[in-house]
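Input: one structure, supplied below.
For reference, chains read A, B, C, D, E and F in written order, and residue numbers begin at 1 within each chain.
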Amino acid sequence: MKKVEAIIKPFKLEEVKEALSELGIQGMTITEVEGFGRQKGHTEIYRGSEYTQNLLPKIKIEIVLPDQQVEAVVDTIIKSARTGKIGDGKIFVLPVEEAVRIRTNERGGQAVS
Amino acid sequence: MKKVEAIIKPFKLEEVKEALSELGIQGMTITEVEGFGRQKGHTEIYRGSEYTQNLLPKIKIEIVLPDQQVEAVVDTIIKSARTGKIGDGKIFVLPVEEAVRIRTNERGGQAVS
Amino acid sequence: MKKVEAIIKPFKLEEVKEALSELGIQGMTITEVEGFGRQKGHTEIYRGSEYTQNLLPKIKIEIVLPDQQVEAVVDTIIKSARTGKIGDGKIFVLPVEEAVRIRTNERGGQAVS
Amino acid sequence: MKLRNQVLVLLAAAWTAAAAFANESSALKEPTVVERLADIEAYINNGARTPDVASKVAGPGPGHNGWLMTSAALVLFMTLPGLALFYGGLVRRKNVLSVLAQCLGIAGLVTILWWAVGYSLVFAPGTPVLGGLKFAFLQGVDGSPNTDYSAWVSHNVFAMFQLMFAIITPALIIGAIAERMKYSAVLLFIGIWMFVVYFPLAHMVWGIDGLMNGAWNANAKIKAIDFAGGTVVHMSSGWSALILCLIVGRRLGYGKTIMAPHSMVLCMVGTAMLWFGWYGFNAGSALGADAVAANAFMTTTLAAAIASVTWGAAEWIFKGKPSVLGLCSGVVAGLVVVTPACGFVTATGAVIIGLLAGFIPFLACVKLKPLLGYDDALDTFGVHAVGGTLGALLTGFLATHEANPNLAINLKDVVGNTLWLHQLGAIGVTLVLATVGTALIALVVKLVVGLRPSPEDETVGLDLVYHGEEGYIFE
Amino acid sequence: MKLRNQVLVLLAAAWTAAAAFANESSALKEPTVVERLADIEAYINNGARTPDVASKVAGPGPGHNGWLMTSAALVLFMTLPGLALFYGGLVRRKNVLSVLAQCLGIAGLVTILWWAVGYSLVFAPGTPVLGGLKFAFLQGVDGSPNTDYSAWVSHNVFAMFQLMFAIITPALIIGAIAERMKYSAVLLFIGIWMFVVYFPLAHMVWGIDGLMNGAWNANAKIKAIDFAGGTVVHMSSGWSALILCLIVGRRLGYGKTIMAPHSMVLCMVGTAMLWFGWYGFNAGSALGADAVAANAFMTTTLAAAIASVTWGAAEWIFKGKPSVLGLCSGVVAGLVVVTPACGFVTATGAVIIGLLAGFIPFLACVKLKPLLGYDDALDTFGVHAVGGTLGALLTGFLATHEANPNLAINLKDVVGNTLWLHQLGAIGVTLVLATVGTALIALVVKLVVGLRPSPEDETVGLDLVYHGEEGYIFE
Amino acid sequence: MKLRNQVLVLLAAAWTAAAAFANESSALKEPTVVERLADIEAYINNGARTPDVASKVAGPGPGHNGWLMTSAALVLFMTLPGLALFYGGLVRRKNVLSVLAQCLGIAGLVTILWWAVGYSLVFAPGTPVLGGLKFAFLQGVDGSPNTDYSAWVSHNVFAMFQLMFAIITPALIIGAIAERMKYSAVLLFIGIWMFVVYFPLAHMVWGIDGLMNGAWNANAKIKAIDFAGGTVVHMSSGWSALILCLIVGRRLGYGKTIMAPHSMVLCMVGTAMLWFGWYGFNAGSALGADAVAANAFMTTTLAAAIASVTWGAAEWIFKGKPSVLGLCSGVVAGLVVVTPACGFVTATGAVIIGLLAGFIPFLACVKLKPLLGYDDALDTFGVHAVGGTLGALLTGFLATHEANPNLAINLKDVVGNTLWLHQLGAIGVTLVLATVGTALIALVVKLVVGLRPSPEDETVGLDLVYHGEEGYIFE
């Protein structure tokens, strides 16, 4: 099993979710995060004080899935999350040793299907 | 060392925390996340507009611990987080290669005990 | 590739970010989390009711990077995040199998440089 | 758009005629110059009109009428949004809208009851315990003053001013049962409660022929006084709140999970709005912008500020820190305790009231409640029942002719003497009516629609369950 | 700091002289005692001054003047912060400041226009469709009353009271195009709209020689009445809003992404402030604290509360749950519909208005909008256009001499008879002026500065893009 | 509940008698019909009472009294919650409650001081620099007017109205030292500051025998005028704020970490409440609902709106975007600058004031502050000191008999002539008193309790450290 972690632009979430659903992905976990990268943040001015926000709001999607689905999922995310502009984000794949469904005690692939 | 990641229902957090404390777990990190899965979300209606929220508030618990404690922790979480209804959540186990306690520079098992 | 996950005190974020920038780190992802550990939380009293908050606000920093940079990054974080008081936090290192830059489809080390 | 020179002379005559007719004296004589002067002077003094003449100023007096319209609006502002925010800030995020919906729903429901029969049951002449139906559907309640209550304020403005009291009183109750009562049950409970508790009690205390209207009913059995609602508003709601929260039971997880206020900022804003609106409540209860109102304005200010400092100081001494909730609680407690007294006591009296108001309710909320273990979620009992009772009693000791010459009319022998015994009588009647009434109504409502949500619903929060909405969507 | 005994007798004389001068009667005779009395009585009655004498009370009357200052402040409070919060709570977090900036910007812009020529174009005598320039730059608009509109209220207070109406009207429009219009385009649009739609319309309805001022202009072609702005305020803004939102187009992602209100708490607070302020709007429109104001106060209260209950009940029946937004929408709808009628109908009339106001706009927002698919983001059309039109029409049927004797002056034959036809006429004129005017202006603005942000800017949110700020920074 | 027909004739007589007694003329003669008429006319004109008679209307006049009660409530509303939200929104989330607690604590503390001796030290006759103790503990401050200040407003209402000014003035100071001063130090500082700076200054400017009360004290050395508090309120607080923030030092991390406002929404709500309440502040300072109040109402509106547009435009031009904070700052700056002038200038004067008020404080906040590097956290100096000084000076040039005939009493030769020199004198006295006084007090407080929290406490935030509470709990 693997965990696919994708950092994307917030306004792309809906699109990515839809694309993954179509692919048959039935579960994922979403976190609001802030990203630091090449993309420049906005500047806010409050009277004399100027603040450049270099942390940008991003969305992290985590999906744990059987090894064979990884490629399709990664491709789908790339397609649906890409705008072509700086700041589109990253996808990471991490190994997962075990997965459990709390409700049923199912383990492994069954837990995340 | 392993990282146990559990996605649970928010109102179960207190119970899970207590159960883990009893087991001797002294550290963990908690994140508010949103889950997408089989559990149906609620519907909100604002005048004519209807929104079905398919992202549900969940809590992610992360605990890094020595290999031998994994089983007990997973079991404890299952017991204390289970309601038996859809949406109870998942537990994932990931490999961790190193852990450091910032304050003391302790490494490995010592860092997380 | 590895993922370095650091849990630090919120008011240290600026310092850590700066130190990492100086080291040449160009990307990271930040999440607001709550930590449970040895550090004691504050107590709030509302009329008769007393609440001790044992979850403390923390910041999680995630950086995916090539293996050879891990040590330097871990050291830098330790130096810049340490106050010497309980609650300074932890650093974990996890294996990562793949990284993709969504915008360009670059893979591996190139994706995170 | 209203005025044109040439024609309004006609209109003034029309009003005069109409009013003359309303006074049921078909043939009033034309006033002399001196009588006309006296009439105008009466307006400035907020005094009695010249009797038996066709008044040239038969309508309301603008200074008094304007002040009472302002006051009525201020008292509405106390509930919407004042109390809604004060209470709404103190609950958890997931229940904030339920509080707002309860305040809004009560405002709507009570207005309808008031229009239909409520106003009449309170302020129409009737028996010592309940008014008649003369003013049902606000019939005859128009722009001319009802001289039973005020010579210079429009009857319909008086009716609306009093409506605002009838709205905030039941809304106070919901603080005790916040976060755990069905919306339908709240509305049904309040609907019945108005008939069983509020309408009779308000008539007894304020109705022209009321049983406990010591100030204006020479035949009152209990010669009590209550300037702006210590018994009618605060005791009635506070004691009902205690009984209701005992019957409803504690919130799920009470004492275990954190139930801290989700927004002390909202709570403080609500407090400030309550204070602001309370000037309408207290000084408005003079039913005119006269010297009695002026006195009430001063005593209200002093009591609120001093109670706030006292509560804060008590926290600083006993808990180590003065909290915003403490300072706010003190403000509200000061306002509650001074309510029955504000038009009857001097500045010195108000200072005494402020000191006690900051300390006794503090003890009730901070010591008594944990001791006894009832879940009066937002301290309606601790502040309004304890404060209202304290205020009613203190009024008995501190009221003085010096502050209000009206006390010399029917109460010359009582004030400064046995008044406190009459006050105790009124306290007793109010307490019994509120507690027994509430217990009975709560049982009926429990049978009919049930009082509480399911544990799951309570856990999810009332906002989503009963209103299908969330208080905030920040992502 | 104002008063010293010895000298003010002089001053009173000075005012008298000044006023006499202002009245352009260089040699007014000294009043007799009876004339002096009549003058004072006129003040109390808010009636016409004694003609042809050097009045000893030539300035404003304090009761009426105080009430109109209070009312003017209340109407400002409706926009800032009332409407700003009502609308601001309903948009997404990223656009909340854009709403506030629009409300603030409109308040500033309209004040400048009003000062320069706006007030004059509406309230100076001129043609039936537009006033003259007599009062440009507020020249001659001082503390003495302008008896064309009110005998006892300072002219400058009247001008400020009316300014507040001129501010809130265009601010209502922005609800329809919230979250997707350039800040510069909003200000430019409103700036032109005031000249094309508001100033002429307000003059026609309220100007002393206005085309549709049935109540006070004996020569009005269309003998319509509009007490506080059913046509001038609500219809004009509501119908303009519809056209503008059609031209601007839907929000990006409309119907796909969640666009739920980011803070129902703010929305409810705004609603309560609107209700509170509306007493200035409606009862203030009597231009005095008289019996007509008193009646408006009562009808306003009844309609708001009953419409709130009705809308909530409709939701409970048709949707399963009464929402806070529903209860709030009902309050606003009730207030909108009663606006043109409030000074002309009885309590019974207000109850009927409340019931219809809770139901017809409910249908417009909940059924009609999804059916037709226009993106009237915050339901300006559904509430203000539909509600304003309904109110104007109902006024035709429910207005009665009983509630307002002024209706007997110029409209004796029309009220209770063909008034509704005149109302239809006024509705027609308003509708055409607002829709055609808006369409033309919108096209001009589109050409000059463009109407919409780029899709990327719209996605990021208007707060950052146009104002460089965020509504909340919570981390 | 107040009125019954039969008895109040008696009461009116009682009031008359009481007032007669209060006037210390034991044997006043009965007034003639003409004198009675003149008395009533004086009420309407807010003029001097008929001398030497037993007035039939010895109490307050309802129109003026009602307006001053409304105004007093409005001025309280400016601080609670107005200023609390304006400032509270501008700090970081972790310090929002500390601002609210400071505002609440100051309100309580100042009320107690005011009751004990403050009111007396300002408004009792005494020396040119400080009042006497005649009114200590508000003795003798009852419902009858104090004709030194107002013929028709209750003395106790006047005292409460002035209290509200005494509350908001020190509360303004805390903007400069927000986020970094101990709660105990703030209260101790303010407690002393009231005695050293506020009470003397207010007496000098507004006391009947005050050194700089040009309008009413014929013997004033400095013939300055200050209608509603340019020197007393804004300069005193603003200059004190500068010195205090220099002594306290900058916030930790100033210039490095983000210190953006945590809620521009709250800030805007606070601004709107300030504007709304400012009508009580400015128009209320006429101490009656007369033509002077009316003029102040108009000038206040114009200056606020025009300054808002000006500040916004300056941002648009110099920074590329008009921000909500800019529009809000403009509103407040306009109100500040017009405060001393509002009752003395015409509409044209107000427009000039608005323009300058939008630009000069803009420069102070946006250019001067970064240049000099002091950490005036919420720009109390930039807005109130700069704006107050500007306003005091502009009043010297723009005040005119045309706007206020009272200027013809003691200042006939000065107004339109050397008035600005007197204004400069008052500016000098105020500036010296505020800065020197503040420096001394701050040093004392530093010695006694210390000024600042530890760096760790400052990092955690003042809410948790000093009040044990959090502003928001959203999870």
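Just a few scattered comments:
We take it that a contact is a pair of C-beta atoms (placed from the backbone, for glycine too) under 8 Å apart; a residue touches a chain by one contact, two chains touch by 3 or more.
The model shown is predicted, which means the values in this text are computed figures rather than measured ones.
Traced through touching neighbours, the fewest hops from chain B to chain F number 2. Across B-E and C-F, the chain pair carrying more C-beta contacts is B-E. Chain B and chain C have Cα centroids lying 18 Å from one another. Chain F has its Cα centroid 55 Å from the Cα centroid of chain A. A separation of 31 Å divides the Cα centre of chain E from that of chain F.
Touching two or more other chains at once are residues 31-32, 44-46, 94-95 of chain C. Residue positions 33, 37, 40, 43, 61-64, 66, 70, 258, 260-261, 319, 321, 323, 325, 468-470, 472, 474-475 of chain E are each in touch with at least two other chains.
Going by the touch rule set out above, the chain pairs that meet are A-B, A-C, A-E, A-F, B-C, B-D, B-E, C-D, C-F, D-E, D-F, E-F. By the touch rule above, chain D contacts chain E in their complex via residues 1-12, 14-15, 18, 33, 36-37, 40, 43, 56-57, 59-66, 69-70, 72-73, 76-77, 80-81, 84-85, 88, 96-97, 100-101, 104-105, 107-109, 111-112, 115, 137-138, 141-144, 154, 156-157, 159-160, 163, 183, 266, 466-475.
Chain C contributes residues 11, 14, 42-46 to its touches with chain F in the complex. On chain D, the positions that touch chain F within their shared complex are 33-34, 37-38, 40-49, 51, 61-64, 66-67, 70, 74, 92-93, 147-152, 206, 213, 215-216, 227, 258, 260-265, 268-269, 271-273, 275-276, 279, 283, 285-295, 297-298, 301-302, 305-306, 308-309, 312, 319-325, 327-328, 330-331, 343, 347-348, 351, 405-406, 408-409, 472, 474. By the touch rule above, chain E contacts chain B in their complex via residues 258-261, 319, 321, 323, 325-326, 329, 365-367, 369-370, 379, 382. Chain B makes touch with chain A in their complex at residues 2, 6-8, 31-38, 55, 58, 60, 74, 77-78, 81-95.
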